[in-house]
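Look at the two complexes coming up: subunit A is in both, with subunit B in one and subunit C in the other.
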Partner chain A sequence: MNKKVVTGVVGNDIHVVANRLIDISLQARGFEVFNLGVNTYLEEFIDAVVETDADVLLISSLNGEAEGWCRELQFLRAEYELKDVIFMIGGNLSVGEAANIEEIVPKYKSYGFDLVFHQVDLNIGLDTLEEFIGHKS
Partner chain B sequence: MSLHQKERDIIVQNQYIDNFDFDEVEDFIKNASKDLFISHKFKNSNTTLVQPRGGFPTYQKQFELYEEFEKADIDVMPLTIDSHTRLNDYGSAKKMLMLSEENETDMLNGYPLVNHGYATTRKMITHFNRPVSLRHGTPDARLLIETALASGIFEIEGGPITYLLPYSKNFPLDKAFLYWKYVERVCANYSGLNEPINRESFGPLTATLVPPCVTIVIQLLEMLLSLEEGVKSFSVSFSQTGSVNQDAVMANVIREMADFYAKKIGVEDATINLVYHQWMGAFPRNKEFSDSLINTSSFIASLVRADKIIIKTRDEAFGIPTMQCNAQSVANTKYTFQMLKGLPTITDEEEEANLTEEIHSIMEAVFNDSADTLWRKVFNSIKNGIIDVPFSPHIINHNAVVTIRDEHSNIRVIERGNMPISDKCLAYEKSKVKLSKDKTAVINKIIEDIGVMHE
Partner chain C sequence: MSKLLIDVGSTYFKISSDEGVKQKFRDFNKTIFDDLSVSFGDTITKYDKQDVHICSSANGGLSTLIVGLTNSFSLKYAKNIAFNSGINIIDTILYHHIDESAVPGDLLDVVIVVGGIDSIGGLYDEKLFDYLEKLNYSNVVYVGSKKDADYLKENIDNLTILDNIITDKLKVHEEGLKEYLTNLYQQDIVGKEDIKELYRLTSNQIYSTPYIVNQSLPLIDARFEVINPFIVVDIGGATTDIHYSRDLARDNMVTSSEYDRLVFKKLGVYKSKESLIFAAKNNEFVYELLNYLNVTENILEEQSEKATRILMQLSIFLVLCKVSTHNPLYITLDLHILKSIVLTGGITKVLAYEEVEAIVQFFYKKILNTTATPSILLDSNYDIWTLGMNALDDKRKQNVN
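Our next item is the complex of A and B:
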């Protein structure tokens, strides 16, 4: 069975090109993809994960507003009992020049993400995801 | 009173505008200077007209921008509308306009035309007495277009498909068709009073590897939807593909197809113009390279005998250009055009035949849809993926068509999705590209192809 991934761009962010590239890259790697597209809110992601019984939630953000949207993730994750779902976020995760780049990854991990990629090449991110899935199963 | 006029009366009852006097507006258009009509300028010009982009929040700054453009002997002035107005949020536009006036910093990315109103804006337009083109991106542009026409702006860009699929995730497409139908009717009704109002479609779409057949089909359909309502002057457009040969092929085919399909619906008295957009993808950050890209675009516009070119500036990668930079770009393009007269035409029979066949196949599928009106047929065709725009953010778009560049940078279809092009045409497209068997390598190539103009 192919692993299922829900993906999309969080918040008022309309960077569609990266979103489409993530979609086709995941498909090329054999994932079943549910792409919610740009301009997606956190609640919509969680609904889609529940509805599709997804294995992975991959949120992307390009304009850096993800932080404002993802603070509630821990809470939602507990409420819907999604502890087996892999939560991943990538893209440009801070608005403007971040004061301290080393703090970005731990900060997002504290919000409940298993995998965090700030300004990392898409294929490196997806290679890491596949490794992570391999270790889990 | 007709239903259409009733709708007009309702549209102009809006707390953000003053009284709208339709009789006075009709009188103004009837007696307006011919120089304000781009349709008149097209008729009396044998060179490619030059038009930049540009819109500032305050009347004062917009006036100064036009003064700079006038010094560069501009052919067509732009009026770019701010993003709040595009979403019909006149309240926010008003607040940001006030802040811009008080602080001398621009709090809007364009001119909030509805808030300024037609009485004020008309003073500026008639003062400069050159054709003005309205650039926006609005799905419901009814009030905006009433205000523009009343101001003396006699070219309206946009359309239900081209202003929706590249810009919106979930504005209902069927509503967009009906709102644009209103716009076409208003433009058509004013077209009998003086010179015709020109409508222009927005061919660049997402400007991301859109295959020529998709661009041209959408241009033709917006043209037909407009002519159907009685518009008599229409511009089809496309943007630089990245391949000079493909641009030439597109120009030849779109001209021929526009005539063919206009006649097919029984319209023989409309003027169809061709507009060429300089590169609409991501620009290089090196300004000297930008200059080179812009000059090459201008050359292509001359080569394909475009009736108008819409230009960029060397600051494109860095945001909204200064007035001086923008005006300099107008002057440069006009300078370049002086040495590009009487170029031989390029034709490529094999490529043109293939593109023409693809277009006819898609158009036939649209016309064969069982719906009773053209806009419903087009709506259904987008919904079921017969028309599919690569990299559209809209939820209705299928995203099944995949394209890539061949070794000469031509955009080629490698996955057709539900787009009804024949096996033969698809085989022709695919024969031009050597695809890697490794899917990830193909995707990396697509990423490179999108950013083809980066240094």
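Our next item is the complex of A and C:
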């Protein structure tokens, strides 16, 4: 069975190009993709994971909104007992030139993400995801 | 040969013939057939059964409770389909909170259970059966993941299983459930003994009134001074209906129909007057509105023509409020982009244009904070209904030829 990934761009963010690339790249790598597109709220992501029993939630954020939305992840994650789902986020995870780049990853990990990629190329991110899945199983 | 069109409402009849449109309050001491015969017998006997077309909304619709897996998908999709089929939603239950959820005492016409794409299973357990056990319902239908269908069938008596409304791509698939609910609604209306008796007057099928109005919607902006997107508000004796262009719905759902419908079961001005007043008293703007209309709240307790007019004005306001603000049980419409409001039903015989305009202006100013208002059209001759009845009859004739 192919691994299932729910993806989309969080919040009121409408940057669509990366989202299309992510969809195509994931399919090329053999994932079954549920693409919620741009402008997706955190609750919709979680709900999509529940309805599809997805293995991975891959959130992308480009315009700097991510932080405001993702703080709630841990609560939603606990509510639905989504223990086995891999939570992943990437894109531009801070606003402008963040003063402390090195704080970004730990911060998002504390929100409940397993894999965090701030301004990292997509393919590197997806390679890391596949490795991570390999280690888990 | 011309046609005779008859609409049987919960509080009044209307008939349209060569002589124009006439309406009359129903006499509840008589059966519908007798009441019609006494009031309009002379007209009716002039027509052949095949030229008589009847529709009815005399029962105020069906009610449902929906149990779903998530708010954003199963419940949202099922709610949307139920509304479009003219069903009133009593409550929605998130499956994973089902053991703490309230059990409504109402008799429910249908319970809908939904969740998951077809390839996943094992979503439900005893919790669902225990909850259903406590409910009082006539029908139960499952429209979720195929994988769980057999398990639910074994555990729920008389369960109807239809296509999953959630596709493998997590989009909505309306047809199966929509058809089922529309048929249930149709059966409920025409299955009543009172209505069955009307087949003595017509050899054509009797339809539900909202279905007729729906038939005319795609024709409205061509025939009237109406600009898309528009809403049609039908304030009746027992319920108030809103038919709206899908462009107004902020749910980015892709559906096959251009127009949808919402029913507000308890916002009628006669039969559900009490609950209308109750809803009004619970709306924070209503006192200001009454003041703006130069009346006090005492008017709500009065029995006068003036009081009826005020109630009608209030129901317009309340319905607009219900669809404009975020209300988990209703669909939110983007009234900022609305171009026209069309009012139909008994209300147009009572309220003057200025009285409707005053309400619309108040609503846009107070709730939407803008002075720009949509154009208002009063369908006082029941043109929409005649259009819908005729459109349906034309379709039928085309199918025969």
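Rule of thumb we're sticking to: the second predicted complex is superposed on the first by the 137 of 137 C-alpha atoms of A that agree within 3 Å, B and C clash if a C-alpha of one lies under 4 Å from a C-alpha of the other, contacts with A are read in each partner's own complex, and residues count from 1 in each chain.
Assume a residue touches a chain if its C-beta (ideal position, glycine included) is under 8 Å from a C-beta of that chain, and two chains touch if they have at least 3 such contacts.
All figures in this text were calculated on a predicted structure; none of them were measured in a lab.
Contacts of A:E51 after superposition: subunit C is touched, whereas subunit B is not reached. By the touch criterion defined above, A:S25 lies against subunit B but remains apart from subunit C after alignment on the C-alpha atoms of chain A.
In the superposed model, A:F34 lies in contact with subunit C only, and not with subunit B. Contact with subunit C, but none with subunit B, is seen for A:E43 once the two complexes are overlaid on the shared chain. By the touch criterion stated above, A:V16 is placed in contact with subunit B alone, subunit C being left untouched. In the superposition on chain A, A:N123 makes contact with subunit B only, not with subunit C.
By the touch criterion given at the top, residues 14, 16-17, 19-21, 23-25, 28-29, 35, 37-39, 123 of subunit A touch subunit B in their complex. Interface residues of subunit C facing subunit A in the complex, by the touch rule stated above, are 69-74, 96, 115-117, 120, 166, 169-170.
In the complex of the two chains, the subunit A residues touching subunit C come out as 34, 36, 41, 43-44, 46-48, 50-53, 80. Residues 169-170, 206, 208, 390-393, 395, 399, 402, 439-440, 442-444, 446-447, 450 of subunit B touch subunit A in their complex.
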